[in-house]
Amino acid sequence: MKKVCLVIGAGAGIGGTVGKRFAREGYHTVLCRRSDEEGLHRLVAEIEDAGGSATGKLLNAIDDGVIEDLVAETEANIGPIEVVLFNLGAQIGNRALMDTNYKVFEMGWRLATFALFRVATSVLPLMEARGSGTLLVTSATAAVRGNAGQHSHAAAMGGRRMLCQTLNAEYASKGVHVAHVLIDGAVDAPDTLGKMLGPENFAKLREAKGKDQDGLLVPEHMADTYFHLANQHRSAWTHELDLRAYSDLAWWNHAPKLV
Amino acid sequence: MKKVCLVIGAGAGIGGTVGKRFAREGYHTVLCRRSDEEGLHRLVAEIEDAGGSATGKLLNAIDDGVIEDLVAETEANIGPIEVVLFNLGAQIGNRALMDTNYKVFEMGWRLATFALFRVATSVLPLMEARGSGTLLVTSATAAVRGNAGQHSHAAAMGGRRMLCQTLNAEYASKGVHVAHVLIDGAVDAPDTLGKMLGPENFAKLREAKGKDQDGLLVPEHMADTYFHLANQHRSAWTHELDLRAYSDLAWWNHAPKLV
Amino acid sequence: MKKVCLVIGAGAGIGGTVGKRFAREGYHTVLCRRSDEEGLHRLVAEIEDAGGSATGKLLNAIDDGVIEDLVAETEANIGPIEVVLFNLGAQIGNRALMDTNYKVFEMGWRLATFALFRVATSVLPLMEARGSGTLLVTSATAAVRGNAGQHSHAAAMGGRRMLCQTLNAEYASKGVHVAHVLIDGAVDAPDTLGKMLGPENFAKLREAKGKDQDGLLVPEHMADTYFHLANQHRSAWTHELDLRAYSDLAWWNHAPKLV
Amino acid sequence: MKKVCLVIGAGAGIGGTVGKRFAREGYHTVLCRRSDEEGLHRLVAEIEDAGGSATGKLLNAIDDGVIEDLVAETEANIGPIEVVLFNLGAQIGNRALMDTNYKVFEMGWRLATFALFRVATSVLPLMEARGSGTLLVTSATAAVRGNAGQHSHAAAMGGRRMLCQTLNAEYASKGVHVAHVLIDGAVDAPDTLGKMLGPENFAKLREAKGKDQDGLLVPEHMADTYFHLANQHRSAWTHELDLRAYSDLAWWNHAPKLV
């Protein structure tokens, strides 16, 4: 039986690409996303054409019971989940405080923090019982600094990061690895960043960042690090790392300040 | 007309004591807490006996509309709020992941993160219109590190801290000061810590920490720093500071590690 | 006998101004700087004219034995040192790696890190014996993030910050308080920042930052916080805080990034 | 011609083991250490026996000119250096402030901070001219928190970390990658930790940490992550990550505190 990798948030950017990578390495990959059924089928087909195996599921993770059922059904019908990639984003662009209503603020938390808690509750005890497993958590710069307009996103990601720490504190010694992957830059993903910026601005940004089309974070290359994390021996685990393109400055360096 | 200081979470520990301090300095202090009407009356009476003025309100801050109404009514009936102390805690002691149900996890967020967002939305625009104001936010070590068993608390406080940053990023330049006060130690507060530990363990802890009864954080002395923060000139504002007793180690120092 | 406050690095900005503040509060202040004898005399005269008492010393802190002798002589001839303000800076402006020679790099360490170690070694055991004392350490954003061109400064300040932590870890429980004051913005100091930028650029910066001449950190107001730190009761000590003007962004917010 | 990997601090723990790993992957590895010529020969022999190629050098990195000559000679006689592993440690165990003399404090800086600056100055411009290269820097928990007794080590490692940031800020966009590897736990290295603890305590520690001999950081497995970092595509670079054994708590989790 194949090892199973479950991807929650499997769009065309990080989620789908990391999913393909695990499929290539022999995992049966379960790809879940909220919309674009056609895109999902294409993703599964690509994996199968390359000799891998995958299942696609269209679902809304924040609905009651959806994550819980997904984990239970995957375990029952496909196999023991060895790796989960939790990849739900909650970036909604910059909004002033008074343009951020309660619903939006709560939605950020439901997607970025609470959904991870639900995943953890559903899957970590199973991994604990097996003595091994990996939970890869995509995160963002907003988890470590709150910029203007990021009220919902930063509060949600700050919660996500602390939750990763409490999970590691309880589960690492049981053989379960939680890794917080701090994405500190724009990802070359047409269907998230591209949509947020619009095609023209997205093209301009890609141009500005690097002439060889590698000035934004390229999901194919990011996937190497996600896969590496899932394969670290338990005697040498990383709990947190950052990722950015060479042409970018680290978040702590954006500073026109004088001192 | 007196300046107004609004305390949300005015128990017998930090909240009530800081409230008394602002009252002593000439503020009309509005003290809000969820329970113990008698204790609340006593607090108001103490302030009035000392020549100050205060209003006590019994309310459940997380109920719909309560914070919003509180701010509106205070502004309408008492006066412009110059200082808010947001002092709602969300510590429930250590609970393993599987003992932390969804409701508990959400309650942490409602108390520690969302209630602050609601306060900010209600009061910061008023302060902005007046060109000044201070929002003091009591926070905890759990905002910067997630320990085992702190799933709900750490996720909520991590969100609180990032929210303080996004609020400062948007409002500081408008003359509104948000300060994140990281309480990094046990507070000598019989009705929160004392209740959590039980009277016997609480007495033991006080004894162990320092013979002169100052080995825990003493609210009267903490109040000095809260008051100082509210009085910093806008050319020299602190966004974050930590507080702990001399006899305690900073959170980053708890380390039996070898390196 | 008056309490003694020793200021190492008492220029016309933070050092001299904080020194004046302690003098006003009844401390005999010992003001030490490397150059500008006339300015030093003026500072002492100002303090004395205001009814305070002070001693001025021209010395080069990084010379062998100078700090050690200063502490010994102050204790012998003036009185027990209750507060030290360590205020030596090591900012030399931005220099590319290949423009930062070994001597410059070492000089940063001698000023910003090693001199603090020498001060600590000289004065903390005396404070320990007395069961109390405060070491206030002026620090910079470079202690928490390394920007381009700050090779010497950031390495030195990063060391300074960690040293403050190791000192607190060993001495706090003995009643000695070390506070790391992270200056996160430009200080309105004509003879340091003003010299570095030149008078014209300095005037422009002041203008740009705030129309009421309070858009840069004003030493007189910073002094309030330094004094507050030295007066915190030992049951509620701050080990680290930041300071910046309201019109400025916190270091973690300087971010044109998209995420 | 083979790619060259230069290891400064190639003992039997991390340095030598990572060196062997790069050799196995086709690099000519230059292994430098201060003492134990026999051990060094054995290391080179092991690499050659496995079909790799290596050069061993006995040298004292902190001596004047030694690092500079090493880089120049390696480039001249062996080939362009693609990867440097800077692996000099400066841990001397815990020493109270008054047991840490000036010489010891300075030695920490010379080994942990200044030697890295010298390496950077020597090798980064060469890498910049070639448009690529990697500088892997082994670091320690002491770079992010200063524990009691770690005065020399923490100050030196805090400087090392900030220096890595300033180097990245200047060189990343030129195609040169600097990675700060925060070793957050005890390494299973008989000739460093083992010597420090003595054979008996070392054996006890190994036992206590994990029954399968993987409760300490195993250099062979750590080498995977070092090698991964050197092979990250420039569109997705990590500037900092941490490593610890599954059985260990992260440094931020060592907390008997109540909150």
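Note that the chains are named A, B, C and D in the order they appear, and that numbering of residues resets to 1 at the start of each chain.
The working rule: a residue touches a chain if its C-beta (ideal position, glycine included) is under 8 Å from a C-beta of that chain, and two chains touch if they have at least 3 such contacts.
Treat the numbers as computed from the prediction; the structure is a model and nothing was measured.
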Look at all chain centres (mean of CA atoms) and spot the one farthest from the centre of chain C. A
Give the chain pair, either C-D or A-C, that is connected by more C-beta contacts. C-D
With chain centres taken as the means of their Cα atoms, state the distance from chain C to chain D in Å. 33
When the centre of a chain is set as the mean of its C-alpha atoms, what distance in Å lies between chain A and chain C? 43
Residues of chain C that contact two or more other chains, please. 142, 145-148, 165, 168-169, 248, 252-253
Within the complex, chain B is touched by chain A residues 96-98, 100, 102, 105-106, 109, 113-114, 117-118, 120-121, 124-125, 142-143, 145-151, 154-171
Could you pull out which chain B residues touch chain D in their complex? 91, 140-142, 144-148, 183-186, 193, 197, 205, 248, 251-259
Which chain D residues qualify as touching chain A in the complex? 165, 168-169, 172-173, 175, 177, 188, 210, 214-218, 221-222, 224-225, 228, 231-250, 252-253
